[in-house]
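Let me give you the structure first, and then I'll get to my questions.
Going in written order, the chains are labelled A, B, C and D, and every chain counts its residues from 1.
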Amino acid sequence: MTVPVLSVRDLKVEFVTRRATLRAIDGVSFDIAKGEVLGVVGESGAGKSVTGLAVIGLIDPPGRISGGEILLSGMRIDHLPAEEIRRVRGKRIGMIFQDPLTSLNPLYRIGDQIVETIRTHTNLSESAARKRAIDLLAEVGIPAPEKRVDGYPHEFSGGMRQRVVIALAICAEPELIIADEPTTALDVSVQAQIIALIKRLGRDHGTAVMLVTHDMGVIAETCDRVAVMYSGRIAEIGPVQDVVRNPLHPYAKGLMGAIPTLAGEDKRLVQIPGSMPRLSAIPPGCPFNPRCAFAFDRCRVERPEPLPNGAQAVACHLYDRAAEESAA
Amino acid sequence: MLAFTLRRALQAIGVMIAVGIISFSMFRFAGDPVNQIVSIDTSAAERASIRQSLGLDDPVLVQFGRYLVNAAQFKFGVSYQFRQPVSTLLMERMPATLELAICATVLAMVFGILMGVYSALRRDTLLAKLFQAVSLIGISLPTFLIGILLIYLFAVTLGWLPSFGRGEVVRLGWWTTGLLTVSGLKALIMPSITLGLFQMTLIMRLVRAEMLEVLRTDYIRFARARGLTTRAIHFGHALKNTLVPVITVAGLQFGSVIAFAIITETVFQWPGMGLMFVQAVQNVDIPIMAAYLLMVSLIFVTINLVVDILYTIVDPRLRATISRPA
Amino acid sequence: MSDAVVPDRTDSNAPSVRPDGGWFRRAFESDLFYSFRRSRLTMLAAAVTVLFFLLAIFASVLAVQNPFDPAQLQLMNSRISPLWTADGQSPFLLGTDEQGRDVFSAILYGLRISLTVGVLGVVLAGVLGITLGLIAGYVGGAVDSVIMRIADVQLTFPAILIALLVNGVAKSILGNRLDAMSTLVVLVIAIGLSFWVQYARTVRGSVMVEKNKDYVAAAQLIGLPAQKIMLRHVLPNTMGPILVIATINLALAIITEATLSFLGSGMPDTMPSLGTLIRIGNNYLFAGEWWIVAFPGLALAGLILSINLLGDWLRDALNPKLR
Amino acid sequence: MSVRHHLLAAISLAIVATTPVSAQTLRYANQGELKSLDPYTLKETTTIAHHGHVYEGLVARDKELKIVPALAESWETLSPTKWRFHLRKGVKFHNGDPFTADDVLFSAERVRAKGSNFLSNVPADAKFSKVDDYTVDVTLDSPNPILTSQWDGWYIMDKKWCEENNSIAPTPAAATTPSFASLHENGTGPFMIESHQPGVKTVFKANPNWWRKPEHNLKEIIFTPIGSDATRVAALLSGEVDVIEPVPIQDIQRVNSSGNASVMTGPEIRTIFLGMDMARDELLYSNIKGKNPFKDIRVREAFYKTIDVELIKNRVMRGLSTPSALMIAPQLYPLFKDFRRPKLDPDGAKKLLADAGYPDGFELTMDCPNDRYVNDAAICQAVVGMLARIGVKVNLLAQPKAQYFAKVLKPGGYQTSFFLLGWTPASSDSHNVLHDILGCRDDPKDSTRGEASLGGYCNKEVDALTDKVLVETDTAKRDQLIKQAYEIVIKDYGYIPLHQQGLAWGVSKKVKLTQRADNQVLLYWATKQED
């Protein structure tokens, strides 16, 4: 077995506030292999984005990684000195943020922003970098790139801007791309194009992709594997077909019910009653237990750990009990 | 762009007319100028004839019309005190005020931006806290008090710097400058500091706040995610974005600097327009007061226009909105 | 958008800690007082500010004389140095000026004037600004552009020049009937007219934001009084910024009053504010009678410094992003 | 290229400009400005003094203010109404033109022409005639013993220069276009003006061709107006200027103890006094309606006896004033010493007020300038405090002189109930005081009589005596007539004279200077040590 591009082991991220230390990520583990697209899905505040930020080393005080490890192609990167992790960012891990409208510096031409990034990570000359920038823009599907390279961000539409952002993320040929809700802020009609672009790039370059989203439709279309997060933990992880067709975790079940039958229809997660607990008030035991229709006593006391269940892994006492019984 | 400039210019003219009305109506009633012209034992008949020759007995509307027509041609009449055309006096005094205002602004900008950037980037260091403290004191001490203290300390007690005036000035065409002589430069130091201190603290606080705001934006986060160096992020991306609003504010503040120069010039006896204005107020020298207000408004309005245009040059987003017909 | 799909913006600074209730209630319940307790400097500033207000309120109790009543001034007692110096005399703690006015009493009464002018000026500016801002925001169109144009123009003129102007106009209208009390009113008006713009802009901005929200359209659609509902949203939302503006403006207003008085357009010598006291005392600095200017100067600087510190803290505390 | 050229030139200029200047440059700063160079435009102490450096009159005043010959070598009265003046020969104007009788005749016309501010200096009835190039006769309708005193401040101008430069008419104070004469000078005096930036700087150069041997050792006088008291004092203390006028009285000690400068003090001939409105039937600003308390002499007496001038002298004026019983300074009236102020008596004053029907006092407004006289507003505040003790509540309205004079003078309709004013008789003679401020207003025969009587004090006996004073040529008799008039005014409690204020000039230790009681700073009597 080859070394995964990204390997996260028992990651813990805390935010130290004056009242308490809030654990935003509590023991998350997953791998992404070369060329693989891992979808990370969950409600707001489930810890999806924080996981992405932790991987790329952008957790700022008062937040900190308090445990676990992150390995990029076998190299541990979670405790690198600032300067070294900087070299990793952009070079080996590309990042795409949610809102292309605010991700680009409005005062700089997009070409300059790309050239700047390229030249930070390579020793290409100014003109070579510029040529590369134009190629990149062409690659992400921007028409007339040699002209648009001198445009300012505000001259681009949202979808086009997200393409620019993608170009920026891949300009140093990274091993891993973290796409944090790359389509949320876009028109529905554009969303599919962007997702397709990310997928194509991942395939063409053999890049691993971590796609953070709350949109199950996107997950179903794009990902090879999917991780369902809830309250800073992974509730369920597994190949996308399995998880989508046969979700095990009660939360995942609810979530999958939200997959629209037709693209573009209501995607709201309305099936599950109640809402995710605040970080300061995560209940003991399984964090999902107050909303869970199947919860029993153990769920309120003991925290379930992710256990393999076929190709999937699920953190739920329901399956643990089944496992126990079958073992017995 | 042209339409925008034109619209702004029209607004500027509107402002100028409004200021004209205000200044005229204010000064028309601010005191009897005749008393300033003649000595106390001048007969009433003589006073009446002077009133008449000044046109002070005409209907107010007539006086205002005359005033506007003349002002449009930069004819502000003759100063009651100096018996010279006000435009000549203003031209003589303007270099002093502008030089002081520019020095103060440059001082304020350079130190304000440096201190602001530093205290935004190194928020918790001792020096940053010191800057914060200085800035608070800077905005909490009235200008006149600072001026008096500086004079007391550096001119009277230590004898290092001159206490008043501009020192030796050199004439370059119609402009006079104190920047080319040692005594002129020395004379500039205290007034510039006094005048610039408030602006400096203002700019420092603004830069700090803006910088902190900018550092929180998505594009900075994205820039970090792209692996750009801290240096490039702070001084390339963050600073440039910070400076856009700072330029506007500093530009607009330049008008304030000229107005605040009234106080500084009085304290340091700086032979500029502000001092002349204060003397004119004391002596009810109506032509000078009216001309000063109009001149200062003109400067304000011009600065506004320039800042607007400058803003569009710095910020490409605005260029787009403006060139699009509204 | 419903809560569930609000994009996950959990970032470094704001883990989702959202107790129920308006943000300002939350702020007052927790953050505000937390940060208040945490900053000793802020506590000191608050204490000093409160002290100054108390001194002003109880001036007549604390002062040894009423410095505004000429009958209580004894020329014989003029120019006595502070109590602890060799020539000090009881009961003149901080000495007396050339009219025999007890400096300490004069500061107390001067504080009263300065704070009255400052507070009333700021209140006037606030009422004026909020009203105009609401009108501009709600009515929109020509009314909006007229109000905001005036605001733009006025914003370019420094407050001190506007205040001088208003003062001059009032003086010429009132002319010789201008006694100490009407001067005070004129100062309040001058300051009120100089500082309204910021409030108007803030409120108008908030109205504009609120106007575009779905519920307004919805309310209008079903015939509910959308404006009333908006008001309920707008006012609490702007309360924080307005509080900050008001605090910082209070300091500015006091400085403006002092400057006007220093230039001779403010309170008369017979009813001096802190600025007037400094102007008078300034004449005696070279003469070695430093106490006449030093103590009012310190009082003014201390007062403004404390208010500014409070304003700074308030701004930072109410704007969590800046923390 | 040309910019660089300019800069280089400027820099070399700057080097020249900053090389050490001669030791005999005297730097002088005054509170007031030099407003116009035309000597007939503005009758104001500082301006007259400045003009006195470049222009000269037929007569001048010496260091003791006595009339002495100047451009007139000598004169005699041929009859009580005819004077003959012998002009000095060989005097040249600064441009080289010789000084002759024609210039005197021209100047006599010009000073009385429309627009002159010095109309009263040369009587309208005086006819000037040329006897020869160096002799001038002056014929009057009635005797005028103070003719030459009145001439003080009337300077002789060059007829030819004025004609050539279109400056025959005097520049009126209200001129809308400045005349040549208001921007240039051509006098006969000890100094010539090299450059004049109004309100900024005026440079005087010594006149090498002056007809008299100079007492000064100056090459140059650089005059700067500095309005701010503190700045002016600081400039003297730091040695940036050599002479300042005035020194605020509270700073006198500081200057004296500085070691590099000292203050010359002396009595000024200006008298500061309080006046009361006794003309109106009801005071403009008072709570007493239907009657005017000041019409009751007991009220005026009560006011008089409440004001403690000694206390004002000690505390407000810091010793730098001379309490006065008269409306004129002792230097200007030999019998001054015969008068005493009525005794201070606040208790008696209270009784007087009660007798007059105001046992609890009353309320009124006082008008006061705050930038005209030495510590004027402070004096008024002190007065307010003193009156408060006899139950009179005074609302003080202290204003800048512009607003103050606009209100209280005749054009403003004498709008005042109680005021403080200062007066220096233009002719340095009692007649001016008796006529202008102690005379009755509304005299049908003499419209200018009592014009400066802001309170409207009127006693026909005084007017009759005043008229006699004007024509009386016997000095002793004349002084007695004046005395009678003053006695009447005092008996009437017509005014409350306070004091003659003190002069205070700040002078560097390097400079020797003569101080004259009319507060004219005349630097042609100054000498300065080498640096």
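In this section, contacts are C-beta pairs under 8 Å (C-beta built on N, C-alpha and C of every residue); 3 or more make two chains touch, one makes a residue touch a chain.
This one's a predicted model, so the numbers in the text were calculated from it and none came from an experiment.
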Based on C-beta pairs in contact, work out which chain pair has the most and send it over. B-D
Centre-most chain, if every chain is reduced to its averaged C-alpha atoms: B
How many angstrom between the C-alpha centroids of chain D and chain A? 90
If you average the CA atoms of chain A and of chain B, how far apart do the two points sit, in angstrom? 53
Can you work out the whole-Å distance between the CA centroids of chain A and chain C? 49
Multi-partner residues of chain B (at least 2 other chains): 30-31, 148, 152, 156, 266, 278
For chain C, residues contacting two or more additional chains: 13, 171, 175, 282, 285-286
Flagged in chain A as touching 2+ other chains are none
List of chain D residues in touch with chain C within their complex: 229-230, 233-234, 237, 248, 250-251, 253-254, 308, 311-312, 315-316, 370, 377-378, 381-382, 384-389, 394-398, 400, 403, 407, 415
Residues of chain C defined as touching chain B within the complex: 13, 149, 153, 155-158, 160-161, 165, 168-169, 171-173, 175, 251, 255, 258-259, 262-263, 275, 278, 282, 285-286, 297, 300-301, 304-305, 308-309, 312, 321-322
Within the complex, chain D is touched by chain C residues 69-71, 73-76, 78-79, 98-100, 171, 175-176, 178-179, 264, 268-270, 282-289
Taking the touch rule as given, give the residues of chain A at its contact with chain B in the complex, in rising order. 56, 58, 82, 86-91, 94-95, 97, 99, 102-108, 116-117, 120-121, 152, 154-155, 165, 168-169, 172
Spell out the part of chain B that touches chain A in their complex, as residue ranges. 217-219, 221-230, 232, 236-237, 240-241, 244, 314-317, 320
